[in-house]
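This report refers to the structure that appears directly beneath it.
Naming follows writing order (A, B, C and D), and every chain is counted from residue 1.
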Amino acid sequence: MKNKIWRQTLFILLLALAGGCSGGVEKKTEEGVFKVGLLSPGPVNGQGWTQIAYEALLQIEQDLGAQISYVEVEQSPALFERAFRDYASQGYQMVLGHGFEFQDAALTVAKDFPDTYFFISSSKIHEGNVIGVDSDSSQPFYLMGVVAAKMGRGAGLIGGVEIPPITNAFIGFINGVRSVNPDFPVSTTYLGSWTDAAAAKEAAFSMIAEGADFIIPDADAAGSGVYQALNETGPGYWSFGIYNDYTSQAPSNMIGNYFNDYGQGLVNIARQVRDGKFEVKTNVEFGLKDKDVIWVEFEEGRVTAEVLEAVDQAVADIVAGKIDTLAPIK
Amino acid sequence: MQLLRSIGQIIVRPTAAVAVALLVGGILLIFAGYSPLTAYGVMWKGAFGSMNNIAETLLKSTPLILIGSGLAVAFRSGIWNIGAEGQLYAGAVAATLAGIIFTGLPAFILVPVVLVAGALSGALWGGLAGFLKVRFGASEIVTTIMLNFLAIIATSFLVTGPMIEEVGKFPQTAQIAEAAHLPRILVPTRLHVGFLLSLGVAAVTYLLLFKSSRGYALRTVGISPDAARYAGINVGRGLLAAMAISGGAAGLAGAVEVSGLTFRLYQGISPGYGFDGIAVALLANNNPIGVIFTGILFGALRSGSEVMQMNAQVPSVLVSVIQGVVLLSAAAFGVFKITITNKQNEE
Amino acid sequence: MEPLAIITFLAAVLAATWRLATPFIFTSLGEVFSERAGVLNIGLEGVMLIGAFTAFAVTFFTGNPVWGLVAAMTGGLTCGLLFALLTVSLKANQIVVGAAFNLVGLGLTSFLYRSVFSGRMETAREYHSFSPIEIPLLSRLPFFGEILFRQNIMVYATPFVVLAGAFLLYRTAFGLSVRSTGEHPRTVDSAGLRVGVIRYASVLIGCALAAVGGAYLTVAHTNQFNEGITSGRGFIALAVVVIGRWSPWGAFFVSLLFGFFYALQLRLQAVSGITIPYQFLQALPYLLTLVVFVTLRKRAAPPSALGVPYKSS
Amino acid sequence: MSETIIKLENMVKTFSGTVANRGVSLEIRKGEIHCLLGENGAGKTVLMSIVYGLYQPDSGRIIYRGEPIVLRSPKDAIKRGIGMVHQHFMLVPTLTVSENIILGQYPPWKILRQMDKVETRIEKLSREFGLKIDPKAPVHRLSVGEQQRVEILKALYQGVDLLILDEPTAVLTPQESAALLHFLKEMAGRGLTVIFITHKLEEVMQVSDRVTVLRDGRKVETVDTAEVNPRKLANLMVGREVLLEQPPKTGAEGEEVLSVKDLSIDDERGLPAVKGVSFSVKSGEIVGIAGVSGNGQSELALGLTGLASIASGEFRLCGKIANDLTPRELSHLGLAHVPEDRHKMGVVLPFSIAENFILHDFDSPPFAKNGFLRTGTITAHANEMVGRYDVRLSGVEQQIAQLSGGNQQKVVIARELHRNPRLLLVNEPTRGIDIGATEFVRRQIAAQRDTGSAVLLISSDLEELFALSDRLLIFYEGRIVGETPARKELIEEIGLLMAGKSMETNSVTK
């Protein structure tokens, strides 16, 4: 009996402590502070997709002096709406939902908060203050396809989960390949996971055994398993870093890196929002035309001048709108 | 006297368990360089600080109460249903299908249709494990875990393949009909009638377990299969019923999530409600009325932890640690007095 | 396919099978001990994560995966001690404790990963794991040699660890007492042995090996940690134990079977032109488990005292 | 004779209120076969479990080979050369014979590489002592007799000096029993000391040098076997005084309620336990089934109540063939059953007393209406019943687990009698309960008979059978080996029948 009383007392004490200090921690909402929030669909330090958004957020903080905040909402759509609403009601001027899945929730909340901009990654939406922001990965992947078809015997693509941002990138790749050699073999594997690096590694080995010598991941944190597979297999097998510089993970296998400075793109938008200059005309779509957002860098001496030339030509054609990188594959 | 004691049992030990868990969480927070009091303060406010926050907490408690009530029936009947997560998915799939197919129906028909579809589907998915146990002696612990994976994989297949939306082609289904949406209570918050439904289900399962003759039979099966046979109760049928009831409650939770919040089906529609539901039921000593409180407790932990992450930048994964330690210390305090195996199939 | 293509296909699938099976092998072997002594640990996933994280963290700071492995085992033993304390000494419900371990394992490793490593994203990836070793003569064998005998040390270790496990379980007095404890603890008591001590030891073995199984993912198969990197492998290991009928070699071969399914589904996707939905292939191991239950019927009887706390009179 | 090997002084052992041993002193001589004789519950097994280190005595001393010793666990006993063959075998069914034998014999790190060496030694032992067994066979494949051999070999392998056997013949066929007794005599000849727990007089006479009779946790007497006869032993064992005089029978016998014809029932392992018995019970009479427990009475009870399936033959309840009826259907036909194991079947321990009263009728009126329990009616019913049957409690909402065994049994009796059954089957109705409750329960059973019910009473307590029964059927080895009127004067004959001693005629004339 004594025991029980002791436990109860302890709990009440704890509650009191917790309640007592809750008054002191309330954040003061200062007038004029630019606030940006992020809804991340996974751990912000997961490599790849989720990290991009987090780094963008940090960049906004650094470049624009914004007050930032993020929340990981796992994959549960039920939680999205609340997070949007919380940010908006706290006076955040800009909230980014990092993935198409945030679209429904943003649309619902946006009606009640006309002064907040809701940006949705990977979305092409444009409805009031809900604006899709997308980077068209099919364009850089198109370039990789061109390089692969010109240099290699076969290519393998390893995706995390079968969703539009990934499938679109892969369509771009295949279109790039077909522009050089319609018979060049390309295979695709989906892991069903963004974290299972071991599976990615094995998928890469499988593709190598099937004769592919260009293996390109688009699978977030799991993707680095692919680089490890190439590193272990040795030279003569190639890949590209996706979104970031991954050269150190497989130094002798990297043809180059596809950089996506989504952060820079968002900083550009955020600056306009902060300064009240953002005008909603259409959804935002970054492509090779936005040279400070999306670009591909090649490692020194890994590609011939002829290949480089073809790539440059492709870039020019894409920017000029002569090539549709998302053209349906027959 | 009896009532007082049982209330004591329901409240004191879980409370102590929560205290221990908060302490452990606090140590972790200090280790990671956060102020525990600040973090918990924000968490408290995030869970109960405003009308909207309370509504959000109750929203998260809704599936937990539904699942926990069902699992209370299963656990009281001596069958270890670890498969509420999969049963929730099964329910969500069926509810979505119903909500998409029967678009022409008026709300007062469509809402019940959607909910019943979800409950039935969950009951079947759960009943499958019950059937495997009764017919083949397959451990329900292992089969329900396998059925979880199968339901989640099947959902992934459906939303990327056969059920994918027409426009956009994102891996999600089309929206269910407007008429299938659960009405909201407490506008402007999102709280919907699903919460009231969960309270109703808790009450019904409580009545079923403790006030009805079927519940009497189930509890007898759970405590002593021999005595149940002696009393003329069909033990196998009881186990099957218990699995179907708990599966049905989990399926209903899936349907409520779809028709009350998401309005369509996605791959990750549950962030582990099925597993939290196990903790919720056990912590309440498998009493559905207690489940209401433990469900709200776990809902508040989840809900508060999100706000804690937003406003104090403390990783919300901490809540898993807190929930786990709640269970561990509750186990250590002797809250759970049931052994795992029941031997009723050895005939 | 031409014969040659089939052989290379098979060889590559088999090599991948072995690598993908390794975490199942370690984890399920450990659980065989635990369950043979009558303790069901459904918290394997959590213990694996703790092993994966400690191995990763220690390897990162020491630069030596051996230390990482040692640390993982220590972490596993700590888990085991806690698990046994609760379930054996305090006779707490094993399912509850197991479920709690899964929650704590995921939460704790994710929390620590962020707290300790969030500032060093780039560098965190830079450490040496166990790298593949070629076995001089065998690796020259045509087709299979190069592929099967270029594995890392933990993969090679699996048959030997299983051999050791089988030896311990079937050829030592300790193993005899473990097997008896799960079946008929009262006999063990009456033979003058301590049921509790045997269960503690078995749970410790189980958790240590589960932690090694997790560590394999971060210091051998890959050299990184991701939150939730185990991706449900702990649950599969539980199924492996059942299908392998609670024997070390059974666990070994069923692990290989599951590894084979895993490898095959990755491989079949890589072969262009095959259009089975990948989810179907992913579902195979789970379907298989259910089928085994139906076909084996009651022959797959678990240890009689599994999950039942022992109270000496 | 020879020196004393073990001496027990004033052993007292209590289990949560129940006294098992009330100060027993005993002296065993080296090389003798010493029988411990007594009825069920006399405290024989508990006393010997203390000697084997399984239980710690509350008080008393053990002096072994002249020194006082303390046995903290079986390990201590085994080390000193004390071995025990339990009534319920301590064998792991999935292990082989040799594995079972060496369990606990070696330190954990010991490598059992040379199992063949162990097996050779076991084979040698088994040849030497004529205990034929295949050391490689898994134990679950062995017959009961063979399993017992394994138990004995286990003790011999440990190098036992003092071997305790707890009712070793209870599970054996007559041939196996004979062989075992022969073997024990031979072993005693080689210097082994044997303590033999039994309640079969025949065996005592056949095998022992001396015999100690226990009754009600106390030692009655130790005598040289040569100086007594079975009659004397039976008297010592049962005691002269009978607790309760038989209440005068008021009603007359009526029609046949239960008739059993060539009935056979298997036990849970699928071995025949009841082997073609035929009998009948009429309304207004109590038929007692006497016998040492384990002779098929439990299976008979389960079979007649629908809880075990009938292998062959048939039984009729109120004229209706009842072989395949479920417990519920039987109960609707008018059967009530007071089961043997109260805790396993008779009551649901975590339930309240009120809930326990409705175990059969939880879903029918007046206790249930429209599927719901009618708490008020249930409580009222419980209150009425506890009053009428004198159950001592603090309230009917109390958990039944908190009641004493006697009061629990009163609840069971009350519940079953309240149904006013045509046939009442009571199995060991007073086992493990205090004298007051015993008297009460017996009076209730007799009263039920007098209202015209047929009563089948299974008991291993002869006194109880005499007190209640109108006639007795004696069970031995699954068969009815005799039928007698329940008259105390016949106790010796009945005791002999129960012990499997055949008599010239199987029925004794009134």
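Operating definition for what follows: a contact is a pair of C-beta atoms (placed from the backbone, for glycine too) under 8 Å apart; a residue touches a chain by one contact, two chains touch by 3 or more.
Keep in mind the model is a prediction, meaning the values are calculated, not measured.
Q: What are the two chains with the top count of C-beta contact pairs?
A: Here the largest contact count links B-C.
Q: Would you identify the chain whose Cα-based centre sits farthest away from the centre of chain A?
A: Taking each chain's C-alpha mean as its centre, the farthest from chain A is D.
Q: Provide the C-alpha centroid distance between chain A and chain C, rounded to the nearest whole angstrom.
A: 33
Q: Could you grab the centroid distance between chain B and chain D? Build each centroid from C-alpha atoms only and quote it in angstrom.
A: Computed from C-alpha means, the inter-chain centre distance equals 47 Å.
Q: Please tell me the distance, in whole Å, between the geometric centres of chain A and chain D computed from their C-alpha atoms.
A: Measuring from centre to centre gives 74 Å for this pair.
Q: Which chain D residues reach two or more other chains?
A: none
Q: Quick one: which residues in chain C touch 2 or more of the other chains?
A: In chain C, the residues touching two or more other chains are 110, 114, 227, 279, 282.
Q: Tell me, which residues of chain B touch at least two other chains?
A: 153, 156, 160, 315, 317
Q: If I apply the definition of touch given earlier, which pairs of chains qualify?
A: Pairs satisfying the touch definition: A-B, A-C, B-C, B-D, C-D.
Q: Name, in rising order, each residue of chain D that touches chain B in their complex.
A: Where chain D meets chain B, its residues are 305, 307, 326-328, 331, 337, 339, 344-352, 355, 358-360, 362-363, 367-368, 371-373, 375, 395, 397-398.
Q: In the complex, go through chain B and note every residue touching chain C.
A: 28, 31-33, 80, 82, 132, 136-139, 141-143, 145-147, 149-150, 153-154, 156-157, 160-161, 275, 278-279, 282, 315, 317-328, 330-332, 334, 336-341
Q: Using the touch definition up top, name the residues of chain D that touch chain C in the complex.
A: Against chain C, chain D makes touches at 52-55, 73-78, 84, 86, 90-95, 99-100, 102-113, 115.
Q: Which residues of chain A touch chain B in the complex?
A: 4, 7-8, 10-11, 14, 17-19, 21-27, 37, 43, 69-79, 81-83, 85-87, 89, 100-101, 104, 112, 161-164, 192
Q: Name, in rising order, each residue of chain C that touches chain A in their complex.
A: My answer: residues 8-9, 11-13, 15-16, 19-20, 23, 110, 113-114, 117-118, 121-122, 125-126, 131-132, 147, 217, 221-224, 226-229, 231, 262-263, 266-267, 269-272, 278-279, 282.
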